[in-house]
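For reference, chains read A, B, C and D in written order, and residue numbers begin at 1 within each chain.
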Amino acid sequence: MINVGIVGGTGYTGVELLRLLSRHGGVKIKAVTSRKEAGMPVADMFPSLRGCVDVAFSSPDDSDLKKCDVVFFATPHGVAMAQARELLEAGVKVIDLAADFRLKDPAEFQKWYAMEHTCTDLLAEAVYGLPEVNRDAIRKARLIGMAGCYPTSVQLGFKPLLEGGKKLIETDTLIADCKSGVSGAGRKAEVGTLFAEAGDNFKAYGVKGHRHSPEMVQGLTAIHGAPVHLTFVPHLTPLIRGIHSTLYARILPQARDTDFQKLFEECFANEPFVDVMPAGATPETRSVRGSNYARIAVHRPGNGDLLIILVVEDNLVKGASGQAVQVMNLMFDLPEQQGLEIVPLLP
Amino acid sequence: MINVGIVGGTGYTGVELLRLLSRHGGVKIKAVTSRKEAGMPVADMFPSLRGCVDVAFSSPDDSDLKKCDVVFFATPHGVAMAQARELLEAGVKVIDLAADFRLKDPAEFQKWYAMEHTCTDLLAEAVYGLPEVNRDAIRKARLIGMAGCYPTSVQLGFKPLLEGGKKLIETDTLIADCKSGVSGAGRKAEVGTLFAEAGDNFKAYGVKGHRHSPEMVQGLTAIHGAPVHLTFVPHLTPLIRGIHSTLYARILPQARDTDFQKLFEECFANEPFVDVMPAGATPETRSVRGSNYARIAVHRPGNGDLLIILVVEDNLVKGASGQAVQVMNLMFDLPEQQGLEIVPLLP
Amino acid sequence: MINVGIVGGTGYTGVELLRLLSRHGGVKIKAVTSRKEAGMPVADMFPSLRGCVDVAFSSPDDSDLKKCDVVFFATPHGVAMAQARELLEAGVKVIDLAADFRLKDPAEFQKWYAMEHTCTDLLAEAVYGLPEVNRDAIRKARLIGMAGCYPTSVQLGFKPLLEGGKKLIETDTLIADCKSGVSGAGRKAEVGTLFAEAGDNFKAYGVKGHRHSPEMVQGLTAIHGAPVHLTFVPHLTPLIRGIHSTLYARILPQARDTDFQKLFEECFANEPFVDVMPAGATPETRSVRGSNYARIAVHRPGNGDLLIILVVEDNLVKGASGQAVQVMNLMFDLPEQQGLEIVPLLP
Amino acid sequence: MINVGIVGGTGYTGVELLRLLSRHGGVKIKAVTSRKEAGMPVADMFPSLRGCVDVAFSSPDDSDLKKCDVVFFATPHGVAMAQARELLEAGVKVIDLAADFRLKDPAEFQKWYAMEHTCTDLLAEAVYGLPEVNRDAIRKARLIGMAGCYPTSVQLGFKPLLEGGKKLIETDTLIADCKSGVSGAGRKAEVGTLFAEAGDNFKAYGVKGHRHSPEMVQGLTAIHGAPVHLTFVPHLTPLIRGIHSTLYARILPQARDTDFQKLFEECFANEPFVDVMPAGATPETRSVRGSNYARIAVHRPGNGDLLIILVVEDNLVKGASGQAVQVMNLMFDLPEQQGLEIVPLLP
């Protein structure tokens, strides 16, 4: 059994990790920390876990984190950065679900997250947690910066078109028009995500610039092996869970005979969590609710030169905690699907 | 034109007052105060008001409140209590949408609102703002404590059965099973009313005791002229607006031949904002959305001895700001319906 | 492995059976019938099942139902009644999720479901599918009429107070004020349950009389061993899944010293799927979303003579398909919790 | 007073016309037809209209439509086409909210609506009902084909960039990524728009081709005076009302110095119902809920060569019935805003 610790168990990615890990079968939850709630049984805060999780929150100061085999950070940005070194030196592997180890350039990190990066050596070592792109590196890593929710969907959607320097689409006119459920904003007291504000309402936000934009560009550039330019427009939609990314790419003249459906199917043929839908399909967010799947459909209206890729994922599972468990499985040589064989909840 | 001031224009009752008053025709909005947002045009915070309301928030300190004819307090509990005297002394009428002037007993106020009542003389003078119960007193009042949202629906529903000491129902076994939309909790940053918490979720709360309980008992007792006992169970439902109260009362043996449908119709025959539905109807909250109507239906299953009264209202209109405008109309001898002839928004 | 058939796999209880059975581990799904969709892979209609369920709908006429060990009817009322005999005679056990085998009195069935009961001998034999009440009989049964969604919650909530003729509460003034999510109305094309009708809306319905009322009275009477009278008011709430029942009972004078919290805890101490919450709790529907749990809380405001019991369940799981799997486990001597150890999905 | 008739008053555009016209002040509702509901008071079907609308549905056969000054068709496609001639010949003006008179090319109509156009002479005469584009023609028209909901938002958003042959953007790479509330699908019994299907769910649809696509292309081509090519991807979002269109256009090299904010502000400076938001704004659908406004924001991230235009409208008001009333006002020389000065409902 792998001993697991979770730093910051009171947010949505924390409770989602607990949901998944409590039925994983190969792990033992040793510690769930919360400075504010120390002493309170986790299931008192989240009654959905009554009978499933029997640990109490512990203070980060006297917890058993260093005795764990792996520690997940389900915390605000900046926390993992401050605590990772001590854990790594104690031989504990670290998986950060926040942004501390995503952007390779410390200046970019500082620009978008408004804080200095305090351990740039670890940042250099950290592996980006997106198994469909980075599986081998993840297996060998001791420190992971998990991919963000939007970036996961966008990178999966563009990967077959860009990987290995392929010349199939224009790489300077990419558009990602993305729609997210409200849980993506986290479990924190804010007016903008109140039910009476976000309910029965739809809006774009962050059009001028969003933190996930540089992460997407970094990831797509790495996949392609050359620079790409992307316009990213996120929207808030009255869903609890779910991301729907509508991606637009212009087909290059020399690539017009490509069978894009086949290209996508072959690219993800061996991926346990990426489902390429039949031609013509329009995936729904609820078709992945509560599960680690991403579903993708490829459209080319009128057989023209614009390709439309539709990607759905559950932002808290494949976009966060589920993918983190998938990464943990890889790091500890467990079956990649262990604990993640959950049928989506529909309706 | 009546000059109107609003203290606390950034919450839901405040923006709702602005929606209604901006199309009232008989008032001029002189001041909308917000210490925090002073200087910002109101329509910048609430773009729904662009082109309809052109004032900016002003600081409470240098606002023109004393030059107004009437000031509405759409503030947290405790604010009106601190500022009402000065306004009244300047000849300004005061309508408080919070709870400062609802409970006649200062000890009860302190018990439920956890603060001492600092102007008990004004409390004694204040008139309870529920026109269907108190119309004449309202006309003559200079200080109003508006009825709460739940209490409005519960008092309207029980009024025909209790008024004037009628002996129709048991008065010690009343039950009010009430369901409210989330806007009832106000526009403040709190985890419990986030979209991802309150969405697709239903729960009871405050079963042990809720602030509106003593207000209901006080009101029903006044209507009846004798003590009543009520059990009140509020529930939070994933609606933005709307209250649905399901009321239960046991018919007294001597009252079993009463035509309750007729009783209700006659009781409210001249009320512009209370609609008694045909026998057998089940009113929907959306049938009053955005309007000042309450709709009521009376049921007596199997012609037995239990009476079920269904009441719907929009908690922000008849349950708060609309009723406050209705009260203002009465206080200034305007047509009671002025500014309130809004057709509900369906769907 | 138990061979399982499902008649009527295109509704919500059908797809929910498939979600649960596909991860059960002890069953093989042999046939899922749908006259209209015969030939279509089930996962084409419900993409959430892609990769999890690989059967196609078969015609009821040439399906392998008779080769199954057990057949679930997830059909409209009246279908199971017409087909059960043939299956039973072929040695197949039958679990009906509709109402054909719920009401013991054929006249009552005809009154509420507007069709004659065509196999009253089987009706007499059928066992009511509510394990917490009827576990031993279920184990030995070959034909089950599953409890309805509302009746499950109401019977669980009143059971500790009524079972075995206990004299704790008045049995002629019981009230069940119940609120259901919209999936309870089934997956059929109807105006009243459209998103634009049922969304942001709350209403009571069926106040004059609802089909689940006689089922509740029959069940509670059986539990108590003497007649009870119940007033049932169902409400439609903008939830996808979930039932919240608020139950009211008057404590008898001689029972006022009862420790009701303890009574409930002891009653359900060994029940794997009934969770009695700590005193003072208010269970949320989302705390059981997607799971087979019911959670119950007992309240007695002001230590008075009114008891309030709050019960939540997922209407499609404990209220339908999950409970049917629980019943199947009992009938085939499998661990009662097999396939049902699902952590609720929150948020 | 203008005498008004409505054919098809049982759908969402019908009830919305009734909401608006009942408070218009310059019209009298003479007839609301419904073959199926003839005789039933309109307010029995839509209790939101109780006390506001007191007509009953009449049969189309013996209604007073020919005595009206104007008749609105709030019907399925094909109905207006069959009845318009008789009304026009009787001197009645006709405003069709369906698609019968939108597409100028009968072959296109047949292709997208799967029925032959049976009065092509009237089609040639009909004026497209989009005041911001066609105001003068509308004033003089006797037959209007109202703009569709999506096409209204898309044409308003692109108009400043295309009108009069302007060379500001590439006209062959336009993208409209649009999101609609569920009421856009109408008030008809269908599985796909049930609450339990469309709730907490997001998906694209009609990616291969949508009926509004040829209408948009026809309209934009007319605005521009030269052909344009547009990719349109509609999405269904769990809103009751509201459309959010996210439009993408590539700026031509010679137009890079354009002040696009100013361009939009000047284009709509005199429009009573189009609100150009300040630079940087992201309009919300709820900011126009229940009102006839469209709000537009222009973005140019990083001052690059991609322009993003955000447009919100209420699909049932500016996208349908409100715009139809605006058109009626123009046709009868009434103030354009009469009956439409409604403050949006927020929250």
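Basically, a residue touches a chain if its C-beta (ideal position, glycine included) is under 8 Å from a C-beta of that chain, and two chains touch if they have at least 3 such contacts.
Fair warning: this is a prediction, and the values are worked out from it, not measured in the lab.
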item: Longest centre-to-centre distance from chain C, chain (CA-based); value: D
item: Pair exhibiting more inter-chain C-beta contacts, A-C or C-D; value: A-C
item: Rounded Å distance between chain C and chain D, as computed from the means of their C-alpha atoms; value: 45
item: Inter-chain centre distance, chain A versus chain C - centres from mean C-alpha coordinates, in Å; value: 37
item: Junction residues of chain D, two or more chains touched; value: 12, 181, 183, 187, 196-197, 199-200, 238, 240-241, 283-284, 286, 289, 347
item: Residues of chain D defined as touching chain A within the complex; value: 173, 175, 177, 179, 181, 196-197, 199-205, 207-209, 231, 233, 235, 237-242, 244, 246, 248, 250, 280, 282-286, 289, 299, 301-302, 304, 306, 308, 310, 312, 347
item: Contact set on chain C toward chain D in their complex; value: 12, 181-183, 185, 187-191, 193-200, 238, 240
item: Sites on chain C touched by chain A in the complex; value: 12, 15, 19, 22-23, 46-52, 183, 187, 199-200, 240-241, 275, 277, 281, 283-284, 286-291, 293, 295, 316, 341-347
